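Each of the next two complexes has chain A plus one other chain: chain B in the first, chain C in the second.
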Partner chain A sequence: MDMNDIDAAVTVRVNGLRRQFDSKEGKVIALDGVDMQVRKGEVFGVLGPNGAGKTTMIRILSTLLLPSSGKAEVMGFDVGKEPEKIRAVINMASGAERAGYDFITARGNLWFFSQLYGIPSEEAHKRINELSKMLGLQNYLDRKFYALSTGYKQRVTLVRAFINDPKVVFLDEPTIGLDVMTALSIREYILKQAKDHGRTILLATHNMAEVDAICNRVAIIDKGKILACDTPAALKRTLGASSLVLDVSPVPTLGALEPLGKLDGVKGYTSSIDEERGLSRIQVVVEGDAAGQSVVEAIRKMGMTVMSNWRQQATLEEVFVALVGRGFREREHETS
Partner chain B sequence: MKLHSNPWLRTAYARLWVRAKSIYGEPLWVAINIGFPFFTSFSFTMVYRAYGLGSYAGFAILGGVMISFWGNVLWSMASQFNWDKQVGLFEIYISSPASISAILVGMSLGGILGTAPSAALVALLGWAIFHPAVNPVWPAVISVFALTLASLYAMGMALSSLYLAYGREADSVNEALHEPVSLISGVYFPSTGGFSPFPLAVQAGASLIPLTLGMDALRRTLFFGQGFGEPTIDLELVALAIMGIVLLFASSKALKFLEDKGRRTGTIAVRQR
Partner chain C sequence: MSLRAIAASIRVGWAREFNWTNPLAGFTLRTVGPLASVIAASAVYYVASVHNIPPSFDPSMLAYIIIGAALYTHVAAYSWVPTLAIAEGKWTYVFPQVYIAPHSSLPYLIGRTLASFASSTMTVIVSLILSFYALSSIIGTGIPFIVTPVSVSLLILAMVVNIFAAFGLGLLLSAYALFATKFEWALPTYVAGLLMIFSEALFPVSLLPHPVSDIANVLPFTEFMRASRYAMIYGDIPSYSLYLGLSVLGGLIFLGLGYAAFKYAENRARRLGVIDKKTA
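And now, the complex of A and B:
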């Protein structure tokens, strides 16, 4: 594929995109000079902690929000100047939404949404049946929307997102708050939509497993800037470091682990608490065995006991840790 | 669900269908839609009778019919977009190619269609129980009724955009508007003209509300045999038509303005980042 082919296949193009909001505390920069290209048929992940700017990007690309500066195009149309042309070829859905009319059935709601795109009723019902079957929703279509569980409401949302046969679909945390099996079936569905229909899917998420499972490429975003963009495998490969995982006790106090980040050979760390076992799990991205050893010693000096430790293949979280020096949890804590 | 291939009509029809179906989706709402106006009408009818004005009891029954529509305009039209915004429907509308005017017109027609059976039931019950004296000029009654509803729902569309800007306070605004507007627009008694208890300034202000002129014209055409050619009726019909057009135009402009403003400030969706 030469450069011209790549260019023709680009469905989403973002250059120097910047968006700031005015708040009581002052100006908040949600996107800070983002450059990005997404190609036809790609499932493209935008991975970052809460508050990184993912939703703002989706809002701009789906014409709900104007950029403060920079340029964004979808299917060659400018989001600021040609929103109507973009709206005809896209769709969007958010995991946080439960949008539907309570006293109307799931089928009635989906038919209503299809009419916003002017789809003939017969065609709309055909699509509703096909898409619902793919998501295991077909037996719930005639239930009132309020009577559906969270998982089935989310399936309705995802059928809606593809009801108009869109060329580009923006999904914001589509599996948030769902059980593992529902999340799996939704991921399969998203992948199938991209593969079988050549749709571009831009998936904003903070779920690394999701990105690993279905994204062709991923942009890692933090504080409104894209830090890295490549395939998940390539990002992990370029990390050039492995992760040292330690289960320690007692659980460290807030900020107690900060000295770890200053050790030679340590690219960053993240931690979580295993309340059931009263342990803290610390993941440290290290270069070389010596750095690993100094981490273990430093933790002991902090008065903690290392219950177990092992090395593991780098995950996308470690890539984020290596880029930012902190994990998602620490980043979200800092932001809040 | 067969329909013309025009996307605007499809959107309007779909929104009409949702509105009308939702109104009858909850039996309690149906009971409230019929019960509240009927019992209030019943009370006012008793007052008219108690003071020896039984021949005017029809005013109270007509008020019960029209208050159903006014309630629908306030609660199911004006505050609807705010509710849509809270649950994420408004951003679905905006990010789709659908016309917002089609959605508003669909909401209005659905509201009228959904409220009409309740209103008709209030009228039937009232007439069956109290046998009020009527002297209708039907073409004029129908014209006034249609124009009143058109301008009333156009007002609902204009309020939709206003409430969209208000956000969560919309429900309080509804509460604040409901009773005072019912009072000064003379739903159950004449609030303009010689029998009005209000000073001229209040009457003039009240006349800017379509419900006021509509109620007055309905009383004249339904109970006093006035029809086309009567200066008051003609004037009220023209005024209602102008109000409807102006409010329709204002609502369309206001919604476009709010959409553009929302895209600039990030207020189309509830969550900003």
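And now, the complex of A and C:
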């Protein structure tokens, strides 16, 4: 593939993208000079903690929001100057928002959105049936929107996101708050849409398993900046080491673990709480066994008991930890 | 401008108005409002005029009030629909999805307005008929309405023509609703209150102090009220035509202003990032 082919295959191109918001607390920089390219047929993940800038990027690319500076193009059209041309070839869905009129059936809602794209009614109904079947929604299409469960409302949202046969689809946390089985079927659906129809899917998420499962490439984003961008496997390989996982008790407060980050050979750490067992799980990205030993000792000195510890293959969160020095949970706590 | 998008929005708007209950209950409840307004305004006039010294009750003035009150509730009911469509659309996330569909926000607002216009026209006509018979029998005197195919057609034509002005007003209000997170639900109520005073709904605007009366005198809603009364009470076609023409002219000006304000607000809202924002 020569450079021209690569250029033709790029469906989303972002250069120096910056977005700043004025708030009561002052200026907030949501995106700080983002550069990124997404190719045709790719499921591209944008992974980061809450407040990292993922949703802002999707809002800009889907023409809901203008950038403060920089350039963003979708299918070669500029988001600032040619929003209508972009709107004709994209769609978008957010997991946190399930758009629909409560007193209209799922089918009625989907038909309404299809009409906004000028799809002939018969063709629209055909597409609604086909897409719904793929998501197991076909038996619920004639129920009023309000009567659907969260999972089925989300399926309606995802059918809507593909109703206009879009070339690029922006999905913002599409499986948030859903049970495992529903999330799995939605991931399969997304993959199928990319593979079978050559659609570009830009998936913003903080779910690492989701990125690992379906994304061809992923950009790790924090505080409005892209820290790394590659395939999930390549990103994990860059760590070059497995991570140390410790189950400790009692559960430490968020700030209590900060000394860990200052130990020699420690690239960063993150923690989560297992409420059922009253434990905290700490994942530490370390360079070498000596650093691992010093982590265990430091935790003991903090007054915690190490219930068990082991090494595991690096995950994307540990890649994030290695890049930032903190996990998603700590990052969200810092910014809240 | 997509006719398909307008037609779908009419259908959705209609369902939004009536799908929450069965059609008969929905229609009945929607008729109660305008009917109550007409009867309340007429009752106030009747009681005040018969107890005046000397009594000054005038059946043609009662007809004037019935027409004004009914048409005022009609305009108030559907002119705020664009604002409603945006305010509720932000909460349900329907509006951001409409916005990112190509060239769709305006057809969507037009469709929603037309659906409301149709339902409100039906309820207002029923209110006019019911209040006419109810008040005639209670007061025991005839109310001088001209009810012929021509007069009713002229009234309906005036109502249709007034869509320009009402939609223009709706766009002006929705321009605010696009980037507002406060008062967007209440604003149309305030404006409807002003409309009652300034549109000759219940009394001639010449009774207002200058220069307010001059402004009210050229509002398309005032011309619409006058045209409707010339059709239904005075039977004066030349005067009807004059006021209908003025109503069209004013309506187009309102529509132009509303469109410009809405487009400006759309761009500003996109710059501020509030098109999909629910709270401040």
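Rule of thumb we're sticking to: the second predicted complex is superposed on the first by the 335 of 336 C-alpha atoms of A that agree within 3 Å, B and C clash if a C-alpha of one lies under 4 Å from a C-alpha of the other, contacts with A are read in each partner's own complex, and residues count from 1 in each chain.
One rule holds for everything that comes next: a residue touches a chain if its C-beta (ideal position, glycine included) is under 8 Å from a C-beta of that chain, and two chains touch if they have at least 3 such contacts.
Please read these numbers as outputs of a predicted model, since none were measured by experiment.
J.: After the alignment on chain A, I want to confirm one thing: do chain B and chain C clash, or do they fit together?
T.: The answer is clash.
J.: If we overlay the two complexes on their shared chain A, which of chain B and chain C does A:Met92 touch? Say first, second, both or neither.
T.: Both partners, chain B and chain C.
J.: For A:Trp111, using the defined touch cut-off, is the partner it touches chain B, chain C, both, or neither? Pick first, second, both or neither.
T.: Both partners, chain B and chain C.
J.: Of chain B and chain C, which one contacts the greater number of residues in chain A?
T.: Partner with more touched residues of chain A: B.
J.: Can you list the residues of chain A that meet both chain B and chain C?
T.: 21, 59, 62-66, 84, 87-88, 90-92, 94, 97-104, 108, 111-113, 115-118, 144, 160, 164
J.: Which chain C residues qualify as touching chain A in the complex?
T.: So the residues of chain C touching chain A come out as 2, 4-5, 7-9, 11-12, 15-16, 19-20, 92-94, 96-104, 107-108, 270-271, 273, 275-276.
J.: Write out the stretch or stretches of chain B touching chain A in their complex.
T.: 1-3, 5-7, 10-11, 13-15, 17-18, 21-22, 25-26, 87-89, 91-98, 262-266, 268-269, 271-273
J.: For chain A, which residues count as touching chain C in their complex?
T.: 19, 21, 59, 62-66, 84, 87-88, 90-92, 94, 97-104, 108, 111-113, 115-118, 144, 160, 164
J.: Which residues of chain A touch chain B in the complex?
T.: Residues in contact with chain B: 21-22, 28, 30, 51, 53, 55-56, 59, 62-66, 83-84, 87-88, 90-92, 94, 96-104, 108, 111-113, 115-121, 144, 160, 164.
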